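Paired with chain B in one complex and with chain C in the other, chain A is shared by the two complexes that follow.
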Partner chain A sequence: MGTYIFKRLISIIPVFLLAALLTTGMIHLSPVDPAEAYLAAAHIQPTDEILEQKRQEFGLDQPFFNQYINSIMKICQLDFGISYVSNKQVWDEVISRIPVTIQLALGSILIAVLISIPLGFLAGVKKNSLIDHFSRILSFLGASIPSFWLGYLFIFFFSVKLDLFPVEGVGTWQHLVLPSVTLALPLIAIYTRLLRASVLENLQQPYVLFARTRGINERTIMAKHVLRIAISPMITGLGMNLGKLLTGTIIVEAVFSWPGFGRYFIEAIFNRDIPVIQCYVLIAAILFIVSNLIVDLIQMYIDPRISRKEGHQQ
Partner chain B sequence: MFNGRNSRKMLLITVFILLLSSLLLGCTKASDGSAPKSENDNMLKIAWPRDIGELNPHVYNPSQLFAQSMVYEPLVSYQEGGELKPHLAESWDISEDGKEYTFHLRKDVKFSDGTSFNADIVKKNFDTILNNVALHSWLGFITKIERTEVIDENTFKLTLTEPYYPTIQELAVVRPVRFLGEAGFPEDGDTSKGVVEPIGTGPWVLEEYKTDEYAIFKRNENYWGELPKEEKIQVKVIPDAETRVLAFEKGELDLIYGEGVINLDAFKQLESTGDYETSISEPVATRQLVINSTKEQLSDERVRQALHYGFNKEALVEGITSGYEEKADYILPTNFPYTKEIDANVINYDVEKAKSLLDEAGWALPKGKTVREKDGQPLEVELMYDSAESIQKTMAETLQSEWGAIGVKLNIVGVELTEQIQRFKDNKFDINFFSNYGAPYDPHTFLNIVLSEGFGFNEAISAYQNKGELLKQIAEVPKTTDEEKRQQLYSSILKSIQDQGAIIPISYIKKTAIYQKDVTNFTFPANRDEHPFTGISIKQ
Partner chain C sequence: MIMSIPKIFRSQKVIPICSIILCILFIIAIFAPWIAPHDPIAVNLAYKLQPPSWAYPLGTDHLGRCNLSRILYGTRLSLGFAMLIFISSILIGLLVGTFSGYKGGIVDHVLMRFCDGVMAFPSLILILGLVGIFGPGLTQVIIALMLVQWVYYARMFRGMVLSLKEQNFIAAAKISGSSQWKIIKNHIVPNVLPPLVVMGTLEMGWAIMDISAMSFLGLGVQPPTPEWGAMIHEGKSYIRTNPELMLYPGLIIMLVIVTFNLLGEALSEQYGVKRRF
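Take a look at the complex of A and B:
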């Protein structure tokens, strides 16, 4: 197990190097010169002299390979440079905004899990029943409604009309409800369907028949055997979405004025605040890798057959 | 260790509890001391798309102008019609040669921490600004300051290297020439890196601030001028325009105002309900089309005029902005200093005239074709617009079809704002949307960028026969000391620029405001960047 985790952690390194390569290269692909972007953001009249000085400061006059090595060295020390707009360390700015974003992401995962597991499971077990139809409609809606529109609809009905929740901002748990549900709905749509399909497939497996012939209580079969195995694809899905969820908060954060990481990123894009954009891309890449790793580990706990194949050679 | 069923279960439960508790922890942490009380009386709540930023009078983005103007004040204030009135300076004298400015400061002014406002602190602020000349050189008079002097406690003298008449007007801008109290200065005195405390002389003091969430200003009870009627103002940061409108409809906001902060459709819809008050400001700037006359097809004045005659400006502006902008006849709004009586030709929609001008210029329409040609070359030009601005986009599309009807093929290309400016500077455009700076920067700032090389306007007028003469006149204007001579120069320069058609005025940009019925005395300040809160109040 330990070696497995170690191996996986090692495999982060090449992905990190590639991501760093992309973010360094990004500057050269953009039509806007970072030195000019800096001066524009800082409201300084660009003269050739200042431009040259800034290019030197950013290391843009050096060969690409040197720039690449330099940026890797700096990133390893968590030095993402200084924001062109606020003149503060990018890392500090980002770190101060991450907790609220994580809060939002966790809230929506929690809602998604709490709703889609019972719903997907029941829809699979009681195929073509009322609850199955309901889950189908919910999934259909969740998959097809874009989240910004859903956000507005929620605000309009639950906040403006019914006055149950505040329109925007953070602070209390009431503030968390609408944005988390908005983020959770597309997830619920996917997971409910995934789980339902998986449950249906497992019901056809010989082990269910054996269990029944052994006279085991139907409820025990479903809860202890079918659900345990059927939930596996859903967890894979969840892991793939974990990274996406943190980056996917961008739109929801804008709609609900959530003061998080995603909103900060949008502003950085508009201001061409290149160090912030680079930092975001790197963090997103690392998030994807780490969340996939976590999911693999969870899967091993739940279905030991997987870990026997991979992890427990010794 | 993972084989035991119980330990696995335990692990799962632990993970779940950890997740849940971190979530709850996040909630409680955020709610500490925040959650402004909604029953707070006498507090005006407004929304703003961005965080107010650092309240430092000597820096730019991301600090927001309106917030800086609430806390810090100028020596001179810009009023209706471009009138310059005394503010922190009671009066001023200008020497004969136009180089020496002596300011007599008000004696009753105190900073919000109780220290007094005097010539020493004015000098200290000026000297700090002058230590970062590169940062502030966009503001003309800064680069021309030779000396700053304290004459006595309430007299401050500014000496320039050469006469520069807009000095007084430029002292009215929101940044950087406003005054920070002594206690606000950092140890090394360099305010460009930050201030210790936002201490100003203005009517408002920052009371509470949460980055990206909100800021609460309270009234400065020791304010020397007219005390604001409201005790507090809360600025909520709501980046999304639709959310701002929804929060307003719900009553969580008393007022939304600004340029482009309310979607025009939403504005119209809210106005039509009759439940709210709305207000539209005087023109703050002109939306212009800048035509690059270095391009061969556009170098002929007749072609540029034909383009101006060839579209229905009134219908375009009315249709696209729902009447919230006004058709512009002149390249600068007429409520600015020296722009009231410019005798430029006003061009009205006339398709026949446009066609005959193009024929005259040699661009004929070949049989069976829709695009005019000259020497086998089609009359094809490109219009660049800011892709994030829906008004520019829709206007570009309308122009495309209107000019198509007179045989001009217009290609429209949407780019990001930063790229738009970059291409404008690099002279890589045929026609571009742009606008002037507005009050209190114009008319001299507009002419100054026409003068500066390496900016689109300068290139745009390249085909003008009198370009050299024009630039000479523009350079002369700021040095004038005689009011009459100055007006003459402005009149002749602005007329000449407009009449030769490289800059087409489209519409006058205005600010919009929408507020609840119990909000009274809302007025737009004449200065585009200044806050509108002084007289405002909520009926109890």
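Take a look at the complex of A and C:
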């Protein structure tokens, strides 16, 4: 297991190098000169002299390979450059905005897990019952409703009509409810569906029959055997969908005026604040790889058969 | 009532019903200028925020533009560009995928690792990153969507080439003297078509969702062009007084996506194609 974790950690490096290459190359693909973008964002009248000076400052006059190496070195020191708009370190700006985004993401994961585990499990165990139909309709709608519209529906019904929750902003737990539910619905749709399918598949397995012939009561079989194994694909789904969660926060933060990382990114796109855009894409890539790794480890812990399988393959 | 809904979902009627809805939507898209009662971008401040009437069946927005006309014209934009993305990404995917499958070796390896990298990454972040470089605008969003989507088709076509290369019936057809054209028409197309149709149907729904999401964020379609996501964006300021401004476009987006998803699912069940999550 130790070597497996080590190998997985090593495999992060090439992906990181590729992501850094893409973000460094981004500037050269862009039709906009970073020096001009900087001056425009800082409201400075561009002259040839200042432009040249800025290009030197950004290292744009050096060969591409040098720029690439430089940017990797800087990223390793968490130096993502200086925001064109605020003139502050991008990393400091990002760090100050990440906690509220994490709050939102954790809130929605919690809601999604709390709803989809019982729902998906019961739907699988009691196939074609009322709860099964309900879960199918819910997972269908969850995959089809655009989240930005759903957010406004919630605002309209729960904030404007019923006045239960605040319309926007952060602070109390009431602020967290509507955005988290909005963000959670597509996740609930996917997880419920995954768990239902997995439970149905596991009920066909011989171990269930064996447990029944041994006279173990149905409740124990379901809770201790079926659920424990059936939940595994759902955990994979959780890891795979962290990316979806990240893009989801962009939209939900825009709807609920949530002052997080996603909204900062959208503002950066409008302001052509290139260091911030680069930083977001890089962090998204790293987060994505790391979360997949963590999910694999959790899965190995829950279902030890996986690590043995991996061992055989290598 | 709730019991009967899943029965409709499962029955054989899903495919014809969804196809009819899509046909109607495509007819609306093509004939929007003739069907729409008003010019979708004509500003008429004297008639702003009107309730539904005979002249304006769904009322007017904050600039006095006809809501119904804007939604009808929006169909044109969303479906049209989703089709464009669909066709162009299939073409790129077909070229790269078959090339990669036939060549094999190092070329295949490099191309497929690249595809894996793109697929591993959440697509909306790639699209946002690309729009971030090239700046906001509909053209940029469309190009970004194409650049992300073709990868899936390339993988699919490559897999098909590889499995078809090995199939005995192709060799048998060659031996029995079938022409190249006849092999493609009678043996390859029928094998390739079902997964392509299923994937295409689901991807159309996603493309429409992505276009409207980007327009909602203000990065895609720019005003005054009528587009559903942009309409929700404009209507959100009137959520207290005129919630219908953001209600109608959202409903139509949902209808379109539900139709594409239902159809895709029914088709994949019919043809036994595995879908990806």
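One rule holds for everything that comes next: the second predicted complex is superposed on the first by the 306 of 314 C-alpha atoms of A that agree within 3 Å, B and C clash if a C-alpha of one lies under 4 Å from a C-alpha of the other, contacts with A are read in each partner's own complex, and residues count from 1 in each chain.
Criterion: contacts are C-beta pairs under 8 Å (C-beta built on N, C-alpha and C of every residue); 3 or more make two chains touch, one makes a residue touch a chain.
All values reported here derive from a predicted model rather than from experimental measurement.
When the shared chain is aligned, chain C comes close enough to touch A:247, but chain B does not.
Contact with chain B, but none with chain C, is seen for A:163 once the two complexes are overlaid on the shared chain.
When the two structures are aligned on the shared chain, A:146 is found in touch with chain C, with no touch to chain B. Looking at the shared chain after the overlay, A:272 reaches both chain B and chain C. By the touch criterion stated above, A:301 is placed in contact with chain B alone, chain C being left untouched. In the superposition on chain A, contact of A:133 is made with chain C only, not with chain B.
In the superposition on chain A, A:155 makes contact with both chain B and chain C.
Touch criterion not met for A:12: it reaches neither chain B nor chain C.
Shared interface residues of chain A (contacting chain B in one complex, chain C in the other): 31-32, 152, 155-156, 160, 254, 266, 270, 272.
Chain A makes touch with chain C in their complex at residues 15, 18, 26-27, 29-32, 130, 133-134, 136-137, 140-141, 143-146, 148-149, 152-153, 155-156, 160, 190, 194, 237, 240, 243-244, 246-247, 250-251, 254, 265-266, 268-270, 272, 274, 277, 280-281, 284-285, 288.
The residues of chain C lying in touch with chain A in their complex are 2-3, 5-6, 9, 117, 120-122, 124-125, 128-129, 131-136, 205, 209, 212-213, 216-219, 229, 232, 236, 239-240, 243, 246-247, 249-250, 253-254, 257-258, 261-262, 277.
Across the complex, chain A meets chain B through its residues 1, 31-32, 36-37, 40-45, 50, 85-87, 96-97, 99-100, 102-103, 106-107, 109-110, 152, 155-156, 159-160, 163, 166-173, 176, 254-257, 259, 263-264, 266-267, 270-272, 298, 300-302, 304, 307. Those residues of chain B that touch chain A in the complex are listed here as 1-3, 8, 11-12, 15, 19-20, 22-23, 26-27, 29-31, 34-35, 50, 53, 60-62, 134-135, 137-138, 193, 210-214, 236-240, 242-243, 246-247, 249-250, 252, 388, 417-419, 421-422.
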